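Just passing along the structure, written as C-alpha cells.
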Amino acid sequence: MTDDERIAEELKRNIFLTTVDRIYDWCRRGSMWPISFGLACCAFEMICAAAARFDLARFGMEAVRATPRQADLMIVAGTVTHKMAPQVLRLYRQMAEPKYVIAMGACAISGGTFRSYSVLQGVDKIIPVDVYVPGCPPRPEALLHGIIKLQEKIERQSVRTVPWYRKA
Amino acid sequence: MLKTRTITLNLGPQHPSTHGVFRMVLTMDGETIVDLKPIFGYLHRGMEKLAETRTYLQNMPLTDRMDYICAMTNNLAYAITVEKLAGLEVPERAEYIRVIMAEFTRVVNHLVAIGALLNDLGAFFTPMLYCLRERERILDLFEMTCGARMTCNYLRFGGVAADLPEEFVPQAREVVAGLYYWVDDLERLLTTNEILLARLQGIGILPRELAINCSVTGPTLRASGVPYDVRRAAPYSIYDRFDFKIPTLDEGDCYARYLIRLAEIRQSLHIIEQALDHLPPGEVQAKVPRLLRPPVGDAYARIESPKGELGFYLVSDGGISPYRFHVRAPTLINLTVLPDLVRGLRIPDLVAIIGSIDIVMGEIDR
Amino acid sequence: MAFVSDLFVNSWNWIAVQLARFLPPWAAELVMMFAGVVVLIAFLLFMVMLLTLLERKVVARIADRIGPNRVGPFGILQPLADTLKLIIKENTEPAQADHWVFRLAPAVAVTAALMPYAVIPLGRGMVGTDINVGVLYVVSISSLTVIAILMAGWGGCNKYSLLGGMRAVAQMFSFEVPLALCLASVVLLTGSLSLVSITEAQRELWLVLVQPVGFLLYLLCGIAEANRSPFDIPEAESELVAGYHTEYSGVRFAFFFMAEYINMFTVSAMATIMFLGGWRGPFVDQLPVLSVVYFLLKVHFLVFLMFWFRATFPRLRIDQLLSLSWKVLLPIALANLMLTALADKVAHRAGLSRMASAGLLLGSNLVLAGVAIATLYLVYERRRAPSLSRRYEIHWH
Amino acid sequence: MLSNYAFIGLFAIVAVIFPFAGFAVSYLVRPKRPDPVKEDVYECGLKTIGETWVQFKVQYYLYALIFVIFDVMSVFLFPWAVAYHALGLYALVEMFFFLGILAGGLIYAWRKGALRWV
Amino acid sequence: MTDEEILARIEEHFPGAVVEVPQALDFTIVLRAERLLEVATYLRDELGLDYLISVTSVDRGDEFEVVYHLGTMTDQAGYLVLKVRVLRPSAEVPSLTPLWRGAEFQEDEVYDLMGIRFTGHPNLRRIMMWEGYEGHPLRKDFRPPYPIETDRLIAQSYAESENP
C-alpha cells in the first residue's frame, strides 16, 4: 500500500467517522433531557428558565424527566449539604450514560456563602461537573449560556474518545 | 382472610412535588397512607451558626437565601429585629418602600404557591408558567430597584439600600393594574374548574383547634377560620396606616387555602396601590454606624411573611456579630400538622396538601 | 388526471401490476402484503414523531412559550434527535428486577399498539385488510396494552412502578367496558363490525349527529385508555415519579413512549371512523386522494383536543376516575345502548325514512343526555347537601 | 378471506420483530457500564425500604373480577348488535333482560362497595 | 391583661416558680425548669395564652437558656417571653409538646443543634443532621469539621451511599 493509498484510506475512515460523530453529537446535543432536581434557591431560577420568558423548550429541554433513568443532564441547582450528598451521588450514578452535569450557582460550585459545618464545598468533590454556571443565583440567561456551552462541548466530542464506551 | 401487607415508600428527597429536598417516609396499605414521617435537613446549611461569625449587615444576604421566593420579607423581618435591638428609627419614605416591596413579595409568593399547587395536581405546567410569567413582571421591579431578581439584599438597618429609581412608580402601577386583571383571569381558569374542585374540596381539612395548637400561621391558619395576621394583630412598620382586610374561610381544606391566597393577592395589590399613592419624598436611610454594635440584650420581632409568622430572635453581646441568631420558620411549624392531614388519604391528596400548605425547604432547614 | 385523483391507491395498484409481470401471483401478493405492512409501520413511526413535536409545540404555545426551535428549521428535527438519542442511551435494569418480564414489556406495548393498524382504513381504499370483525379486533388488541403496563409495573421491582402499574390496570379495565358499549351501539346502527363498512355507512350522515352522547363517552373512555391527561394517572409525574416506566431508559423507554402516542392516534382514529365518518368529506368521491387528508385532519383535531386537555386540566384522582367510569359512564353507556336499540326498532317498525329515523335516534340520545345530566346534578347536589356549610364564603376582618 | 388474516398474521410478525430490531440496533450502539448503584432500584435517591412485591390489597382483584364479567358481556353484545336488524322484536326484549341483569349486578357490586377504590 | 398582671398571677399560683424578671426589650420571665410545664399549662388554659410562637435556645457558656415566646391569636398585640435555664452537663428541660403540638419540631431542632434533651417529648430525634452525627453545631464550643475533615466526610458519604 502506497502512502497515497494509506492517506486516502485514513481520510475515508475519518470522513466516515466525522459524519458519525456529527450525527452522534447532534442528537445528544439536540435532545438533552434534564432531571427535575432542584436543591435550593437556584432551582427556582431553573424553573424560570423553563418559563415563558426564557423558554428552555427551545433547546428541546422541556422534557424534564422525574426519574434519573431517562435523564441526560443533571443540573445541580443549589446547595449540596452533607446530608444530601449521598443522595446526589446516588442519583448521578443511577443516571444512564451518556450523562452530563451542570453545577448551577455558587453553592454547587464551591459551597458559596455557606462555608459551614453542614455544606459540601462544591459538588465537584463527589461528581464530575461539565459546566459551571456562576452566580448566586445565576440568572436564567446565565443558565441558558451554560447549556449552550455544554452543547458546544458535546459538539467537540468524538465517538472514539467518549468515556462511556470504555470498560469501567 | 387474605392478608395484605403495608409497603414503605420514600417520597423525596428528589421528587417532583416535594418542593425541594423534603423527604417523607410513607407507610401505605395499597394506595392508602397509613402513616407519614417527615424528614428534613437535606438543605440544612447551618445559617444560624454562620450568622454568629458575621457582622449584622453581613447576615442580610443569608436571610435572602432562607425563603428564597420571598427574599424581601425575610430582609424586612431581620431588619426590624435588628432595629428593635439597636433602637433605630426608619425614615418614612423607607417604610413605604418596605411595605411596597413586602407586599409585592407576598404576591410573588402566592403566585408561585398557586402555580406549584396546580403543578402538583398534574396540570402540566401551564398554570405554573402563567404564574411565573406574571411573577417576572414583579421581579423586573425588584431588579430595577436593587439589581437582583430573587436574592434582593435590599433592606438596610434604618432604611433601604437605595432609593427607588424614577421609573419605578409608574411601572409598579402598571404591574398592579395588570395583576388585577390577571388574577381575575386565573380565577376564570381555575377556581370553578370541576376537576380542581374535586381534587381540593374536602381534602386535608385542618380543624381550627388543631391549627392553633400546632402554632400554624399564615394563609394555612386563616383558611381554618382564625383571623390572625401579624399585620393586624401587632402592626409593624407602617401597616396600621393602610386599609386592608384579612380574609378567612371556615372550611380549612386545600381549596380554602387556595382561595385565601387568591384573596390575599388582591389585598396586597390594594395595599401597594395605597402605598404608591402616598409615597412621601425624603431620605431612605437613617444615620446608622457602618459597623453596628447593638447593646447587650435580646429581641424578638415578627412579621407576617407570605407563609406565616416569620420571626427573628437575636441575642447581642455588644459585639459586631449576633451572639445568637434564631429564625422562627413558619413553614417548619406549619408542617407539624402534615401527618394528621394525610392519614387515610392517598398520594395524590398528599401532594395536593403539601402544595396547599406551601413549603420552601430553604426556610424549613435553614 | 385520473391517476393523480387517487394517487396513492393507483400507484399501489400500478406497482402490484408491475410485480405480477415477473413474479408468480402468490409471490407478488406476498411482496405487496409485506410492503403494505412496512408502509403502515413507517407511517405510524412518522406519525409518532409528528405527534411528539406537535404536542410540544401546542403545549408550548398554550403556555405562552415557543417550543422546540433549535434542532432543524423550526425544530422539526427535534423528534429525530430524541429518537436517535434514546437509541444510543444506556439501558438500565435493576438487579432485583424480574428480568424477562422487564425486558419484554416494551416490546409487548409496541406490538399491541401497532396491531390495530392492520384493519384501520386511513383513506378510501387505503386499508391494510378489511376483516369482518374489525371493531372487535381493535378493541381486543388494544386491551393488550394493559398487559404490557402491568409487566412493566411488576417487573421493575420499583414501588412507584408497581403502584403505577396497578393503577393502570384498574383504570384501563374500567374504561374498557363503557368503551365497548359505545362501540356496540355504533355496530347496532351500522349493522357491521367491519371498519370499512362502518365508514361506508356514514356516507350520508356522520354518526356523531345521531349518537352525540356515544361520541362523548367514547372520547372520554378513549383518552383514559390512552392514559392521557386528565386521566394520565398511571404515570402521574407529580405523584409516582414516572409511574410504570420509572425504571426504563434508552430504547425501552422509547418504545413505551411510542406505544403511548400510537395509542393516542388509535383512539382518535377509531373515534373518527366510528363517529366522524372516517375519511368521508366533501368531494371525496370525485377526488379520492382527499380522503386521507380528511382522515388525518379529523384525527389531528381530536389529538389536538387531547393536547389541549393536557395543557389545561389538572388530573383526577384514581378513585374519582374509577367512580366516573363505573358509576357514571357505564350506566350512561348501558342506557345509551338500550335506548338506541329501542329507537332503532321503533323506527324500523314504523317504517320511517332514513332522515326521520336519524331524527328519532338523535332525539332519544338528547333525551338521554338531558336525563343523565339532570340525574348527575341531583346526585351531586344531594351529596353536597350534608356539607352545605361548605360554601367557601370568605369572611373579611 | 384467508388472505385477510394472512395479512394480519404478517403484520403481527413484523410488529413483533420491529421492537426486537430496535433492541438489537440499540444493543450494538449503546454504552454498557454496569455499576452496583445503577442496578439498584430508584426511589427518590434513597435505598428502598422493605419489599416491593408484597401481597396487595384485595380490592385490585375485585376490580378485575367485575371487569371480566362485563367484558364477557360485551363479547355477547357484539354479535347481537351486528345481527340486530335481521332479528325480530324478540332480540330486543331478550337483550333488555340481559342488560337488566347486568345492571342489577352492577348495582349490587356498587352497594357492596366493591367499586370503592382503596 | 398586662404583663405585670400575668407575672402577679404566676407568682400567686406558683410561689417560687419565678427565678428572675430581667430587664429586657420584651417582657421576660425566667422560670424554674421543673415548674415550666405547670406554669405553661396554667398560662394556656387559664390566661388564654394559647399560641406558642417559638421555642429556641441560647448557649450562655456554663448554662443553656431555653426561650419560649408565648402569645395569643387574637388582635391583642404582644407576647410573653419565658426563659428556662439549665446547667450544661445535664441539660434537660420538660417538653411542651404535650401541650402544644407546634413545639414538636422546634424542640427537635433545639435538641439537634444545641443538645438539650426534652423530657416527655414523644419522638425526640435529630431533625437537621443525620442520626449518628457527632456534636451539636450551635453550641459555642462546637468546632466545625471543615476544612480538615471535609474530605473525611466526603469519603464517608461515598461509603454511605446507601443512606439510613
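List of remarks:
For clarity, chains are labelled A, B, C, D and E in written order, and residue numbers in each chain start from 1.
Assume a residue touches a chain if its C-beta (ideal position, glycine included) is under 8 Å from a C-beta of that chain, and two chains touch if they have at least 3 such contacts.
None of these values were measured; they are calculated from a predicted model.
Any chain bridging chain C and chain D, meaning touching each of them, is among A, B; the list is complete. Centroid distances built from C-alpha atoms place E farthest away from chain D. When C-beta pairs in contact are tallied for every pair of chains, the largest tally goes to C-D.
Centre-to-centre separation of chain B and chain E, using mean CA positions: 24 Å.
Computed centre separation for the pair chain A/chain E is 44 angstrom, with centres defined by C-alpha atoms.
Chain centres here are Cα averages; for chain B and chain D they lie 46 Å apart.
Among the residues of chain D, those touching two or more other chains are numbered 31, 33, 37-38, 40, 42-46, 48, 52, 56, 60, 117-118. Residue positions of chain E touching 2 or more other chains: 128-130, 137, 142, 144, 161-163.
For chain C, residues touching at least two other chains, in rising order: 63-65, 88-92, 159-160, 237, 241, 246-247, 250, 318-319. Across the interface of their complex, chain E is touched by residues 82-83, 85-87, 89-90, 93, 115-118, 120-121, 125-126 of chain A.
Residues 3-8, 10-12, 14-16, 18-20, 22-23, 25-26, 29-33, 36, 38-44, 48, 52-53, 56, 60, 63-64, 66-67, 70-71, 74-75, 77-78, 81-85, 89, 92, 95-96, 99, 102-103, 106, 110, 115-118 of chain D are the ones that touch chain C when the two sit in their complex. Listed in rising order, the residues of chain E touching chain B in the complex are 24-26, 50-54, 56, 58-59, 67, 69, 73-79, 81, 100-106, 109, 113, 126-130, 137-138, 142, 144. Every residue of chain A that touches chain D in the complex is listed here, in rising order: 67-69, 87-88, 90-91, 93-98, 164-165, 168. Residue ranges on chain C touching chain A, taken from their complex, read 56, 60, 63-71, 75, 77-78, 80-85, 88-92, 237, 241-242, 245-250, 253.
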